[in-house]
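The following blocks contain the structures, represented as structure tokens.
In the two complexes below, chain A is the common chain; its partner is chain B in one and chain C in the other.
So, the complex of A and B:
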């Protein structure tokens, strides 16, 4: 896993190189109902690859010189509103041609080569579903669009996967937001695509449905699919996976494992908060070690600043034993995805 | 006086039972309202506003009956709907002033309150621009402002952070907290995001399929459990094995080792074992129950953490 953190946001930072784990070359596993129409990706090509891709609308630059590649696994697409996330997903789905640069999905250009659609599933953010179709009809419609032989069975399987079986024969117009969202997901994965693109898939789902959807994305990722989903709910992204792509103002702010991205932020010291049987004594002992450059005593805790997190983590247990101090609690202050995102967007 | 009280509250839409004999008593504060889609949250909010009558039972808001005193209730209750409901072709100032006038404020008071409340929600120069050109975050602020303009005693907020990005969410949650804590306005927040509820609310009401699932202070759902989590960068299996060897109940969970807290000697055992094995220690923390367990277990048992 290579984490990327462009230090210089100017034009042409070197962002090449695979971001995700090994590129997906495994063939789809459950292709029993799938017509063998889709040509396999060229060997070794990453599932998703952008090279200096840009998209502008008139004078508005939505995506600016974006380069990255993704292999199998699940990646969270993050960024403030207006950062260009939806434009990126639409370019990957073939709705939009890049204004400059290259966008490749499974080694092919989605807006020029329709055969790649057989391997792409898209859950759009907008609720563009026909209200008069039942959930089942909508999903089967998608299966037929994908040229599947047994579209009835495929639709039933997909509906089962999202847990919509009780409502599948009701018109979508009567669905709640969370149900519509799941119908869209079922429609996007009915042909078991290699690449799944989801724009705010959790929107409108209730807590139970969210848990189920997180699990589903995790399962598909471990089955070798490439999944890119946008979300604003960082604690959920953190639970689905560690890999993120962060866009700010049309540019790639960082990509890779968020913990590795955090480690690259050498200008931000790590803070660790400790509760112990004798905070003052422990602070005094830790300050003696060169990996620590600051300790602060709180009313009932001790905050330690270090630039070398790994070294500190190897030090702390032994140092407290030597000092004869009992450790009650050790918590990292700013290692969460939320703080990483905050640092990236505010920089 | 209870803020909201319902007894046997029932609402049927034809064959659909949206609420079924709901008994609820809530005191003022910031209250989270959660439930599955279709659990009856929106129905409950509409009944509390006096907009739709219940099929059976009764509901009392701030001491007033929702059927007999509906218009009195709306004078002291502010409502922020979930859906996009703002007129695109007027400015925020004109719109919020209009809403204040509808709530019965005289013209000059409506203008003054509008200025105050727009500043409170963080809308400044842009208040004169047409709402149609606002960002999602600005629109959410206008919706909150119109709910606050007539100085209500209770605010009902339906998914106030919907569509907001992380920074926008934080600002909105902060605003809700300030409105509740500094102005002493009781607030009921409906949301699907349990993390948010945990952050701002002091009390939680969970409904499921029209029934009350749970109503209790947030802290009862997030209480500490007698389990200590020890996270290491590597070697969690070795750590767990060593702790078991010392007679503790420990098991691994990824990079974490979960140990049953039996006595104080455990802390020393963990410290010494980590030091002996030279493992990089990431975290030692007592485990807490999580709000989402409420939606995981078929029947949550209060006060029983495991």
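So, the complex of A and C:
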């Protein structure tokens, strides 16, 4: 996914745009456990593709003019409350028809063609799961509805993958929130879908379970699956992968690798913290360069502001050598996803 | 392949529907309701054990067909989808490679089955208490009301299940239909018999036992086709609606 950042400040029409050529869809899943399925997506087509997709309710625009495509890998869907994340996921899952534009998953329109669910796994945000079923019964139920031949084995495998084996024979009604969440994920991936859509999948999980789930999503992405998950916890997104879609007020504010997005944010200076053998001397040396427009001397470090990070990286080496200063540490302080997200939301 | 898979999914989803519908509180409430005709039959038997017409009209028609049947049907019929749409579990059925007609069929069979079971049991026991001593006549009357309950369960559940896909207030609208349309208006306006499920049910019962003309206004040959058309049309509309199912709106 190529990083894209709108040039115009503020959420305007120019904020939207295709992400660019998406990687080809990974080879179709093995269907040895499945009955023959519907025709696979066309070779080379993106797994998920939106073209000028919009959805509105009366006068309220929930999402507007979204265009992007996703191939294999994990993509985090970010945005403040009310940004349209869940609406987007529901459109992709086929439970909201676009008011305008097109939404394709594996080359098909999910709200018109139930056969596409053979290749889609969905974890909705809402917690409710049939409370009278055990975890195993619930996952097996999903496997059977998917037409899997050995649904018992498939259910056991999926439960193992989410680490729910100790509780699989208990009714879901007795589960904690995190356990219910894992049961939902097991139900969604029991048929090894090509596309996995997850709405706040880490909700209610403890840190250990979160890590395990992140690892699982990473493994699935490595195996060529397309995974799109929404989260409001930036750390989660940062840990699972680098690719993000950022939605603000129903529009796509940015998409791609968040570090690349950060590099495109030229109207916001990069802040770099440096520790050296002589911070004052180094500060003087750096101030002479036109790419540096701010130097602040701290008690034990130097903070530099520059608009061009790559140019600064070249500069710092030469400047320290010329000034006869030894560098101990150079840290780019605002390269985090949090910083990128904060910038995009405030634009 | 899709058809075969969808067909195979009907009993699976039907079982889930049954387990959802037979929650403890709802089951206890409805069992208590179903016990009312039986209790009345016991009282009737103790007071007057030979009045076939009186029991059929006063208990089986006025209580079982007019009140018990539609109330049980509206509770099960609207809950079959209503609860799942409300709590979002419907997604676990719809996000599957299964035709929508199969989901409707499973819900319908589950809700109509449990409704019919409950009301048929109620009529059977009531009939056994009062009508069995009356010989063949009593047996005919019991068969007639069992047929009425079967037809009524099927029609009411089809209509209420479909209604629940269009509005969250299906239970309220269903109760208003039962009490106002079927309870009050159909008594005042005999002309609307063709649009009354209760009349379809009693019309079919006419095939087994001659009902009073002012109670059962339709002949079996009219009532049965109307009932079949209603069920088929309702389920077709429900399938059409489910194919266009959308999650409730929002901005996130």
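The rule is short, and it goes like this: the second predicted complex is superposed on the first by the 322 of 347 C-alpha atoms of A that agree within 3 Å, B and C clash if a C-alpha of one lies under 4 Å from a C-alpha of the other, contacts with A are read in each partner's own complex, and residues count from 1 in each chain.
In this text, a contact is a pair of C-beta atoms (placed from the backbone, for glycine too) under 8 Å apart; a residue touches a chain by one contact, two chains touch by 3 or more.
For clarity, every value in this text was computed on a predicted model and none was experimentally measured.
By the touch criterion stated above, A:290 is placed in contact with neither chain B nor chain C. Touch criterion met: A:211 reaches chain B, while chain C stays clear of it. Contact with both chain B and chain C is seen for A:81 once the two complexes are overlaid on the shared chain.
By the touch criterion stated above, A:132 is placed in contact with chain C alone, chain B being left untouched. Overlaid on A, the two complexes show chain B and chain C touching the same residues of chain A, namely 81-82. Taken together, the chain A residues at the contact with chain B in this complex read 78-82, 176-179, 203-211, 232-235, 310, 313-314, 316-318, 320-321, 326-332, 338, 341-342, 345.
Every residue of chain C that touches chain A in the complex is listed here, in rising order: 1-2, 5, 8-9, 12-13, 16, 19-20, 87-89, 91-100, 244-247, 249-252.
Here chain B touches chain A in the complex through residues 34-39, 135-137, 162-169, 192-195, 233, 264, 267-268, 270-272, 274-275, 278-286, 292, 294-296, going by the rule given at the top. Residues 35-38, 57, 60, 62, 81-87, 90, 93-97, 114-118, 120, 122, 124, 126, 128-130, 132-133, 141-142, 144-147, 187, 250 of chain A are the ones touching chain C in the complex.
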